[in-house]
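Note that the chains take the letters A, B and C in the order they are written out, and that residue 1 is the start of every chain.
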């Protein structure tokens, strides 16, 4: 991968390389966005490559060589369909992805903070955690992110170079959809109270919006003052309005990459909203963002078989 | 004179304090460590507590705060202060980095015009510090003028000595709290010194801040450096909102038919609209906002108050979704030859 | 180094709280241009109305209760304290709401905030006022202050311009200053317009033509940032040193007292250490973002 990236820059086939490098903490990675050939030595692939790199495409000018897991490639396809990015400006380095390890889940399983873990490795469908010299094994399905368990496209369909063995999808939607299933069992009043509790923690950092590749608006609706859709203050009612409107706004562009929930510093179960929206979009329009590169963007075109009667 | 209290007696002690104060202690609701109202019995946080996600500044400069209420009658507008909150707070378990951050924030809110909301809460609060035993990988307090067991900015400091805590009395307010506690023995004090040294040595992250003020001043217009530094930043607000020394706020009204409340709420220099004016926005580009954050904390604040507005708590490094690391950035600020561009 | 001396400034806190506004009543509204209105107001509290003092260059935070606050300089002169004035250009939520208010409406006022024009440094000097559009607002406070104490100051030149004749603000002032034999009043518009017989040209260019002498002179420049950036080089060419050029910086503000962080440039808060700065001070800011 490093050689491919180096070659792309040296042969001036791209202006930028976007990939993953080791982070400054154990078990983290960080996006690498560089024009520098020597930086390509820092590119890595490991079980901790979170971040949807497609998010950076709308902010870079020029041709980009981008490392892409399955979720990135879906977001890239969606951006191309929305004309935010041109296919010819991209060289996609596909990385078939076995799923990313959720450090929070590991911490809960082992009962220790990440600073006290010595090593975490993935072999096949096992995840081994070394702590205090001892190794503990867990099933991968207990240690991966929920959105990875639900993954429908581990191997990019749209790419220029593929780095690794193709992987077939095997979504475990039952495990990955547990939070939503639990919510659906509640009564309407209980569910509302549950959201009030979750949204009371929200501090309006807007990380959920800023990590999302589908949120590429130059001016977000929360920044409007005439009319003021939601107050810029973190009271739970306005926080909830913000999330609901954002979820509806990304419908048809959300790939359930799960970054919003991963990045939230106060553990708000945002996927419960976005995945539910994703499923509703699939049910109503038979559309899954980024799976079909020849599809038209959902919210921008109209089919005769539209669900709503008043259109017909 | 130092006192001591065994870990088994902490619950009792908190209950005693609870008669005078609203006791806040670490809790882990929904997996998020935060200072919350103590439930009256559970002290299991002593086993897992490292530091909170939301810093203690939230108790003094809340994410959202009423400033005053306004209403209208036939004679015009009336303004009323918000209902008075006479409650005294006791923050149990505040870390030295966060306590130092409170002292750094005090400088701003006391300077020139006194901020009544913040200062009243500060006056009515007591800080019970808890020295660290297990610093995180992201901690770098020892490079920022403090240590895992520094007692400078709290009312009393608890140092872990195994089954008990050594209690260092720091202020008069603190001495009021420790009435009735046993005196510490010489052995306790030796254990405490050992505990302090162990915690100090566990800090692995170091940052050399020598000359940073000048390096930043000279590099201010280096667009290439700042663009590279800002490349992976996504301009969310996490590093600023959850930083214990950040204090930027916004002021907004909420009203129905002309009656309502004026609030202040957390804001961030990282947001694109923070400096937007009708005709121009001096920081519409991301690299300018990233530059502002770094320079404000490591250059402008020291110019005004002689102290770097960072205490090495490490939250920004841990919580940043792209692992943008302030220590890496500070180390990479170029040393420019004076006069050269 | 912060440049404030807050203790010397007049302070009027409502309910002992720097964030609480006083209630003020609008007494007169003048439509300067289709987008700009001047409001004359007075405090509801008669005692405060009598005691209130401010200095030219200072600003206030004006509230439309329920919608928020906006920052405007006090455009009336401290030498004429029977009422206070401010000028508002319609650009957003709060300013549009202000424009919808009528005489008798109540607003909030917090202030006076900021520093002021250094009158002691202007004594006996030749004054060159350069203004554009609504930028005349802070200048007019100082100009009337000067006119009301005419003998304290030497020559007065005013160069003021707007895009079109319809955009000229404070026309009643321009006429009065034009009639004043001790003032050289030069009004200009950017491009030729039907019926306009005065000067034509951008303010910095016209200033170059008027070419006031830099000897014992101080220039005070207020207007859109782009006009200021083009005016400073013209003044430098005429021999003005940076310490001889004053301006008022404009930044988005909320608290007005140097706490919320918005107007921070380098180690300075424009609301607390400014808005009046000399070009020399600006050049020494730790940040080049003005």
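We adopt the following convention: a contact is a pair of C-beta atoms (placed from the backbone, for glycine too) under 8 Å apart; a residue touches a chain by one contact, two chains touch by 3 or more.
Just so we're clear, the structure is a prediction, and the values are computed from it rather than from any experiment.
A.B. asks: Moving only to chains each one touches, count the minimum steps from subunit A until you reach subunit C.
C.D. replies: The distance in steps between these two chains is 1.
A.B. asks: Quick one: most central chain, C-alpha centroids?
C.D. replies: Answer by centroid distance: B.
A.B. asks: Using C-alpha centroids, which chain lies at the maximum separation from subunit B?
C.D. replies: The chain lying farthest from subunit B is C.
A.B. asks: Let me have the rounded angstrom distance from the C-alpha centre of subunit A over to the C-alpha centre of subunit C, please.
C.D. replies: From the centre of subunit A to the centre of subunit C is 50 Å.
A.B. asks: On a C-alpha centroid basis, what's the spacing between subunit A and subunit B, in Å?
C.D. replies: Subunit A and subunit B have C-alpha centres separated by 30 Å.
A.B. asks: Taking each chain's centre as its mean C-alpha position, how far apart are subunit B and subunit C in Å?
C.D. replies: Computed value for the inter-centroid distance: 38 Å.
A.B. asks: Do you know which subunit C residues sit against two or more other chains?
C.D. replies: 92, in rising order.
A.B. asks: Give the residues of subunit B that touch two or more other chains, as numbers and ranges in rising order.
C.D. replies: In subunit B, residues 250, 252, 267 touch at least two other chains, as defined above.
A.B. asks: Quick one: which bits of subunit C touch subunit A in the complex? Just the residue numbers, please.
C.D. replies: By the definition above, subunit C touches subunit A via 92-93, 96.
A.B. asks: Residues of subunit A touching subunit C in their complex?
C.D. replies: Residues 225-226, 228.
A.B. asks: In the complex, go through subunit B and note every residue touching subunit C.
C.D. replies: 67-68, 70, 72, 76-77, 79, 81, 108-109, 111-117, 217, 220-221, 247-253, 255, 258-260, 262, 264, 267, 269, 274-280, 282-283, 288, 292, 295-296, 299-300, 303-304
A.B. asks: Would you tell me which residues of subunit B are touching subunit A in their complex?
C.D. replies: These residues of subunit B touch subunit A: 30-32, 48, 50, 53-54, 63-64, 134, 136-138, 231-232, 234-238, 241-242, 250, 252, 254, 263, 265-268, 271-273, 286, 317-319, 321-325, 327-328.
A.B. asks: Using the touch definition from the top, list the residues of subunit A that touch subunit B in their complex.
C.D. replies: Contact set of subunit A toward subunit B: 23-26, 28-34, 50-51, 55-56, 59, 104, 108, 113-116, 197-198, 201, 203-207, 209-211, 223, 231-235, 259, 262-263, 265-267.
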